[in-house]
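What follows is a set of structures for review.
Heads up, the next two complexes both have chain A, just with different partners, chain B and then chain C.
Take a look at the complex of A and B:
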């Protein structure tokens, strides 16, 4: 039985098919395995729903949150890190979307410093109020007191005389 | 027999003051939040400040990928806040597009879609679904919506040629006449 010779075109088809499989495999390996729900929720837990107040993204049933979780999944499959994803959410949707403020110094330190400064001001103000008010008038002298008392006694005696 | 009464020691004055200062600050923050909430949206009569808006590719304004609101002085501007996850937004999407097609040839009216906390992928699906062609972009960092103090989506703001806010529509439009009723007087 005579063998049929393989034509050049068949070689070409085989080569193209091989290359396509290779390319497809390389794309899949570059993207990595699809992120699991746990991986998505680990990041979603650190983000908050844009519609419902104080509801973490991982438990929120709204459509907006479902879309955001999909966004996280997409970014994870692109190889983005957790920090990169959270940064993206903070820039795109505002810091309200992240549970933890980016600028911690501004968010935590400034209010504490402001409260302490305010308290220090209050303390100094209270201390200032407690001090006696120094006026320019001098306290009455002993002689002046004596004169005042003498007048009083004289008046009393006069009254007593009248009654007699 | 003498009885000694232990001196009663209270909390140090400075600690009391810090606690009171903290409480006062806390109350002030709560009061600010409540007053802001009660304030509602930007009110008609106010001049709208400048803000930048970056458009989605394919939804630019006059070939520009970003504009400043100030650049639109001399035109009536209709600013519509929407989101792809917002069901009521779908009710008015077609009406808004119809209105845009009606006013676009005049060149005196500009429609701006501001996409609120949305993903671009879903936003594009929405825009395509409703055949929207007017300029649209994302509210990056929710800065625009915070400025307008929007209460939700959809909300539409009608700004006259001088940059003064004339009308706020909270919720969806039910007909194109409702949109016309706000734009036409501003064109006179």
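Take a look at the complex of A and C:
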């Protein structure tokens, strides 16, 4: 009878210890391993140093950029996705810190319109220039075909004769 | 004293240039009268009448000769000024502001000389010096047949020179000296009344990024490319003013354009190599605004080189060629402006000042005036013949021009988009590689396809049938090559498309050589090697051009390799620990920190490289810290083969730290094909641009004289 209360305490301590280990393990497993440099650089490559001139974040050697890379590492370990991290940088440090304009329509509309206009101009110019060659309705004779095949060689020979 | 002398020389040179420009412009009142008569207003008619009354041929000739001699004086004067600046740079005259800003006592002599183009003021003088050398070369050519162009060519060259020399004299003078005044130390061209000369103990030193040997040759090449494009522009303007708008100006400037293109291309490639070796980014091209600024005139210049052939062969596209050379000229100035204005953020913006608005104004004025001249001469620039087939060589060249212009539009918009965004929305943006690669990728691929089919199409007329008959053999070859690549190297769709196009262009080009050589073999009974040699020698422009196409494809292999297959990893290693990537094992063996001979602090790692257990060699990535400039450089350790480059960067290491050293390791597949392609390019362009014997100077039998002269045209 005297041993009974001690055994209950022992079980209680054992249970609490087990629960604490379980809790600790579940926290660790939820966090996962610390993000590698490669995972950090994969995102940093898509960002630009908010301070230095036109320098990608993954290669910028300044202390400020090292800290920003560490910030990416922390956000990755918090489970943030690539898009969330890029969005965070765009909101916090301005759109300048992302290497790709976020408003795609604004960024691509003008060049696309300009290229299409250029193409339309070229087509209309070609149509205006194009003079259809009058083709004979009769099929070419065998001699004519032979002449056509040897056209290149004949041209070459003619050129060579001229230059001799 | 020497600085004052240098300033005086620069001032005299400026006035000599202005004199030459003014004298050239007034030397030909009759020409000017013709120009004014073309504008149908009462006032211009009166001006034309007044000018015609003042036309005296002998006096005109004397004035042109005076302008020409004045222009010939510019180069010796600028050489003297440059020599004085180099003397000041080498001898540590830190009382001169420019010397103080770009050199320091610890710098070796060769770097003190190259510091000439390492800062704003010196590089403007360098630009002017090169430009004046080209101007002198132009005036020394034989002008008998083109006398009417001379005054206008002098005018354009001297206006350009006067702008740059004026910039140097009045805004960015490399001879300004430091004076101690009651208000502090400041730079003055003339000693202030209350100032005494101030000589700092040491200079600030050249930007470490510019201390690389690549910087000795890269800027001069780029500048040579820039300034030599001014010559064809000058002839184009002369043709517009004089109304001699046939293809004579193109024939005169064809080789100038080719050499300009050579220098610009080499400048770009060397810049890429410098970036690869110095910036420590693992790549050669970052779509940086300044890189694009040099790339844009290359695009218009390349389009021009192709499109002038249409004018020569078919008498078409005269307006377009004029516009292309004007665009190229203004993009050259725009490129120089971007580097110096400070309006754009760039890793290459080494020299910035407030001269931006002047550059901008100059670009606007020259563009408006030049385009105005095209409009004025619109009628005389009409095509002489008509397009007969959409598959003819000229039509395909036109599509090629459209693609070059499209790439230009993408690049130009990418460069100015941050400005427009900030101006209209207040939001600062960065346009990085993703935009350019996404937009330009399909355009480059189409361009490569055109390079594949255009050499097989004929001038004047081609049909699907004739083209198909010529292309089927190379196409089958390209499909076989692509299948081999698919089976043995990659299944990446973009890579497969890229390698197919590369194979197609290479095979078409080789096929063209083979067809030509076979034709010669038959007609001349030569062996295949002699036939190839003679074939190239007889039409250097065409076959040199084909070699350039081949070189571009070698470069494309390198670009495809690094863009699509680059792998990288970063990690911190303990001594004797290894990292593995792309089949290589890299073992960190040792590291040391010491002071280098020129005062920089060097942190140098030793890494052993292994592949399948076999030792391949040692790599030594390092970090150089320059105390004078308070800046560090990350120099990679590289092992290069035709298969790939192993490229290792030392990211960080602290002597007190027990965590080891951090390395970034890249494997860059096929990148050396890019550099090899540029060597072949050099060979091709030398063949294409090699001067023929001047037909006017060739002694020919009397009976053949008339025929020879006409052939020269």
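The rule we apply is simple: the second predicted complex is superposed on the first by the 103 of 164 C-alpha atoms of A that agree within 3 Å, B and C clash if a C-alpha of one lies under 4 Å from a C-alpha of the other, contacts with A are read in each partner's own complex, and residues count from 1 in each chain.
Keep this in mind: contacts are C-beta pairs under 8 Å (C-beta built on N, C-alpha and C of every residue); 3 or more make two chains touch, one makes a residue touch a chain.
Every value quoted in this text rests on a predicted model; they were computed, and no experiment measured them.
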| item | value |
| --- | --- |
| Chain B versus chain C, judged by how many residues of chain A each one touches | C |
| Which superposed partner A:107 touches (first chain B, second chain C, both, neither) | second |
| Touched partner set for A:19, first chain B, second chain C, both or neither | neither |
| Which superposed partner A:97 touches (first chain B, second chain C, both, neither) | both |
| Partner chain(s) touched by A:118 [first = chain B, second = chain C, both, neither] | both |
| Touched partner set for A:34, first chain B, second chain C, both or neither | neither |
| Which superposed partner A:64 touches (first chain B, second chain C, both, neither) | first |
| Touching both chain C and chain B, counted on chain A across the two superposed complexes | 94-97, 111, 114-115, 118-119, 122, 126 |
| Residues of chain A touching chain B in the complex | 50-51, 62-64, 66-68, 70-71, 74, 91-97, 111, 114-116, 118-119, 122-123, 126 |
| Complex interface listing, chain A residues touching chain C | 36-38, 41, 46, 48, 53-56, 59, 61, 94-101, 106-108, 110-111, 114-115, 118-119, 122, 125-126, 129-133, 148, 152-153, 156-157, 159-160, 162-163 |
| Contact set on chain B toward chain A in their complex | 13-14, 17-18, 20-22, 25, 83-85, 116-119, 121-122, 138, 140-143, 146 |
| Residues on chain C engaged by chain A in the complex (per definition of touch) | 279-282, 286, 288-289, 316, 345-347, 349, 383, 386-390, 395, 398-399, 402, 405-406, 409-410, 413, 417-418, 421, 427-435, 439, 461, 466, 515-516, 519-520, 522-524, 538-539, 568-572, 632, 634, 662, 664, 711 |
